[in-house]
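Below is one structure; the comments refer to it alone.
Naming follows writing order (A, B, C and D), and every chain is counted from residue 1.
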């Protein structure tokens, strides 16, 4: 397996940190032991935790106002995979990459899969793109794609999704994520009901083409790029459409796609309850779909989301198997650093949620003891679980301190030399 | 029929206004005629428009900080009906009153119905109340009602809903509106899924007791009185629950119960499309569930809601028969004036929506002509339809200028004399 | 004067509409006369109303996801002016264009001014741009401009503002609008206080270079392109900075730059009261800084803003002379149509605000008669003032129905032939 | 000094916890030592931390829908003080109580002060109340108080504030907090500018009566009880008014009084920078002014607020001396438990903010290293500082585990016996 970062560098850094790490881990183990928790069991579950990395996240993102590229940006899916391999080598919980088509289209997908294999990477859900016009594309998506008033445009958009499935099968993926920019900018521009009927007709055609083991992830979003209405505007429309389509259609939750103040963890619970949770696009935001690094703004909210997820696991909720993926726009950081840091932050929320004393929580809930119930969550959230995360990484062959090692490796400067800027995007903008 | 306001006063005021009103109506008729619209057909539909009045709206509302009562507040359902009769006498589109129990509980509901009949009033959807504790109530709703962890509390809440149905049958109502304050104030306080399962079990018991012609209206609300989570927090949960319960369960839309920025008219369209729109609690708001007078803040939004409703009528959408009701808190106005004014504002939105050139709109929508599509809506919204509203009222025996006549009547001063303040609420606070 | 649209076409269209227009105007005149208002006085004020057009608004806008260009987009400031001349020829209330540098930079600004003169156009406030990197720019604005931690970057940004003033002087402008993208994406990234101190130091240098008659407009914005904090995040910071700088610094209100639910008309009142209102960037929005067409989403809010403005005029508020400018992104419409329509919608709000019976309003306010006070505003808002707007345009030589005439003229198809797409932006994205 | 809780109980509980606490403290000390921090210095500062308790917070709060009282509610200021003494005895960082008039009015304020002295309590900022009508009050505040259109009402409201100062002087307070419910519910109801002018005139009269050492705290709020506009709607208006009034007037920040998504820590920074930060009303919220327990929803935001406060201390910002107070509504918890827990949560944020490596942070800020800057904050936030908080309490004579000891003491059951329910409020509703 090719490993972009010198493994000696990792080993050396881990060695230097090992005494402190051992002390921290031992202390945390003793503290958890008082609570009746075996730290090694938790560490084992942390090691099994996986969150996928978006191929487009390896490039610098931007806004409608500007994009400020960074050095050494990947110019194609092969270079993106190289960056993803760095991430996985150091954090060891991101073994899969989620590709975006046609950005990541290649002539030979078998070759691409072999390339990924050689880097120790697999492929997660494939993403179709009918929110942009590509050079040479016969019909424009300016006024919609899967829900366009013109059946020829809808057919073109459906066909693209079908080719995404085909490509994804070669890559070993098992899900198609469908997010469209369809909507309207002005009252009256679109007929809400007819637009959704057209969307359902188109997605039905895609759904019917899903291979047996595949799922279709419907991603809702409140606004942007459409500014008055969006065809799948919220989880309500999403769950109704997923129900219409059938068992293989589920609802994807992107943390930034909701109205202000909405209780997202409750939506997660509802989707779990009604067997329609597909999974997540993790990121964080303060205002809208800011696509900031996961957990950077509302870490407690991210923990509360994982509290629902771990609770469903704990209860053995039937049909529960959500997919986790990062979906961020890295405008002012090195994308590799942001993705490593975010993977750790998501994993941190997961581990903290594992530490919630669920039986105590249920007792307080049944007794309407709001104070002790909420303090039970805080008792887990307040713990510093960094030692578990570091230990899990080290045991898996990664770095105790991924960003330190990454910086020490000089990787960014090195790729900057051999990746002359294309000035092109195709990455970083979602 | 007893009419609280001297009908001579109305006739005289209408007479004085008649020349101007005729001129206004004639001009508007000519203008609409140019657009191919027969004004009299529109006026006829305006005459048939009905919106129910909430019994509790006749009292002065308040906030958690204070309530500042006004003079002559009604002290019981009989006095509330008297006020509602004033409203109906003057605006003529509010023939039904929606009662709230136990606030409007009486010993003899047949007598109450006769009393209403004598005033020319009927009864609309009945509302149960399990968000307050009543004197002598065995078990408290402090920690919930239909979704309470204690089955005895749930049973008590179910039983109250059953008695509401019973009383409503005597009164001639055909729907039960269920809104609960159940939720939680802190993360962890309630188990989201178990709480909703309990809610569904309780509402199933109520649903099963519905008489044949009845419907059950589920009312969702984002927050307040619970401040972290609410059992039916949005239309998504509402529509899932209504679907679980069956055909007679539908979703009620209160305009103030949504997250900031949410596109409410789109939710209305979705509920229509999926045959689950129960109807409305009309009011307006700038910040939260402000319960301000309908159309006072966002008149264009209210028009856009009616654009969806009239469009569904126009397309002959199957199963479409929404119930309209005002639900406001009148903190700084005379409740009778606010209710009259609001009924007119709701009717105004309806009439404007009738004037949308739907075939032109469809053409622009199909052609993705956003500019002409949105201007087609504005061409209707910008019209001053006051002459149609006044004409409809006058033809029905009401007042061209309801507030002027009401003030001239001295009704408020008169009831103030014979209704010594109880210092009690039981009205005005929702 | 060069007029891009055949004036015969306008005359003919106006002639065809004249009978209906006269009837509408006469009726409205009679109605207003009953209210003691002379319609011709109102029309005269409508004729004097002016709102500037943004040069960049003539191109198709986009989002971070995509831009879908339209046909015949202007490729430089000369072609933008040509489009602006079409707008002014038809609506006659947009005689000035607001340029954006360096997008609109030319070698010879005197020639540019003459070119504009020949089209009957002048120049409004000039806009500097330090939120993008330009090709060949020595230092990047990736991490800020006027508030950058590096003094060399701040100097570069200041120098650009100084050249904008210089160029603006040649063009006859009298104000500099300063909006920066400076801020941060993560907690801790920027030191709030030090960042603002640097901003104040930089703007002080610009302020000191303002010519005598000039003003400096500070534009605040809550978020985007920065997603955690913005250096001038709201009107509070804006007014404090404008006060620090001096009398010539004032606060610009963009309708889309506020937090959800904020009462914008109240901010306008506060800025008037404290003598710090610079003027407006008009647009509309449902979610964030959507930059939709003015009045397309919240027409009543736009009216309420003008209610404050007309009230200040009415009271003879000292130092009151706000600048009006459109600032929109036209993603799905023909930009010329959107700008014409929006100019009319802004003018519509102004005219309706003129029709508010202010003395009656004051009486109801003093008497705490909330019902009649708010109905006094509605009595003006509900009027269809289209006849006044059409009359004002016709009297000024414009078109009664601007969009109809524009479409009939074939202008867009004609310029599409002679403006081969550059694929470049430099317009439409703000 | 009278201590409501048996001190033996505290000592015993602390003794039982002492081994674990020592181990936890030692480990944290070692960890901090690696970071160059002396834990005992931090503990010392934690011991000096003070947050005031609101007298009204000792009662059960409610909403406009209902209030569900708990057992043993205090019926007057003497009983409230008794509850506050429990809080202070156990948590040892709440030595002062903030009274609310006329709720806490007594005949003999000297006696009240002695009563407090005997309990080891002092008095913090006094709060006036002109948002409710009191029995026997000559003029109503229904339409406003300090900004009422009627000068007689304004005079009454001013006089009440003056008596609050007088009473506060006897009690040893040094600040007056002025929050008013004045505003409007409908567009047009109030003239924004005139209303604020009246407010300024009234507050000027109060300001002029401030004793030498006193400050006046202006508290802004976006909405509620007024639902369209509020006289001091945001920090912008607040800071302008405080500037108008003079140096002794400053702006109080209540965490729940802002528009959705607003960056509150940035407002705190701005007020510090412009020398106008009065202090805080701490609480937390998810939707509006929910008045939930501090740190219960957005603990990271509370930390970021304290990051600004500690940074100002660190930099020796001139004139920086904010007042800290809890302001919560306890609807579903025992108020004593919520206040103890919240005091600890506020203290927790303070201590974490002390642990931020400020020099490293400045370096990353200056170098635009967003990743390491934000991780520097997280490195402090992620630490579990519970051992420092427990140690500080124990050293001060309080309880390591306050809620456990409180429950074990049986205090609530005991007072329930000797405080028969008054059914009255006067507490708990703000």
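Keep this in mind: a residue touches a chain if its C-beta (ideal position, glycine included) is under 8 Å from a C-beta of that chain, and two chains touch if they have at least 3 such contacts.
Treat the numbers as computed from the prediction; the structure is a model and nothing was measured.
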| item | value |
| --- | --- |
| Labels of chains that are neighbours to chain A and to chain D | B, C |
| C-D or B-C - the one linked by more C-beta pairs in contact | C-D |
| Copies chain A and chain B touch via same or different residues, half shared test | same |
| Most widely separated chain from chain B, with each centre as the mean of CA atoms | A |
| Distance from the mean Cα position of chain C to that of chain B, given in whole angstrom | 39 |
| Distance from chain D to chain C - Cα centre to Cα centre, in angstrom | 43 |
| For chain D, residues contacting two or more additional chains | 142-143, 184-187, 189, 222-223, 228, 260-261, 263, 286-287, 293, 296-297, 300, 332-333, 368, 370-371, 374 |
| Residues of chain B that touch chain A when the two form their complex | 142-144, 149, 184-194, 196-197, 222-223, 228-229, 233-237, 239-240, 258-263, 265-267, 269-270, 272-274, 300, 304, 307-308, 311, 361-362, 364-368, 370-371, 373-374, 376-377 |
| Complex interface listing, chain D residues touching chain B | 61-66, 68, 131-133, 140-143, 181, 184-187, 189, 222-225, 227-228, 260, 285-288, 290-293, 296-297, 329, 331-333, 429-430 |
| Interface residues, chain A side, partner chain D - complex | 20, 23-24, 27, 30-31, 34, 260-261, 263, 286-287, 293, 296-300, 332-334, 337-338, 341, 368, 370-372, 374-375, 378, 381-384, 386, 403 |
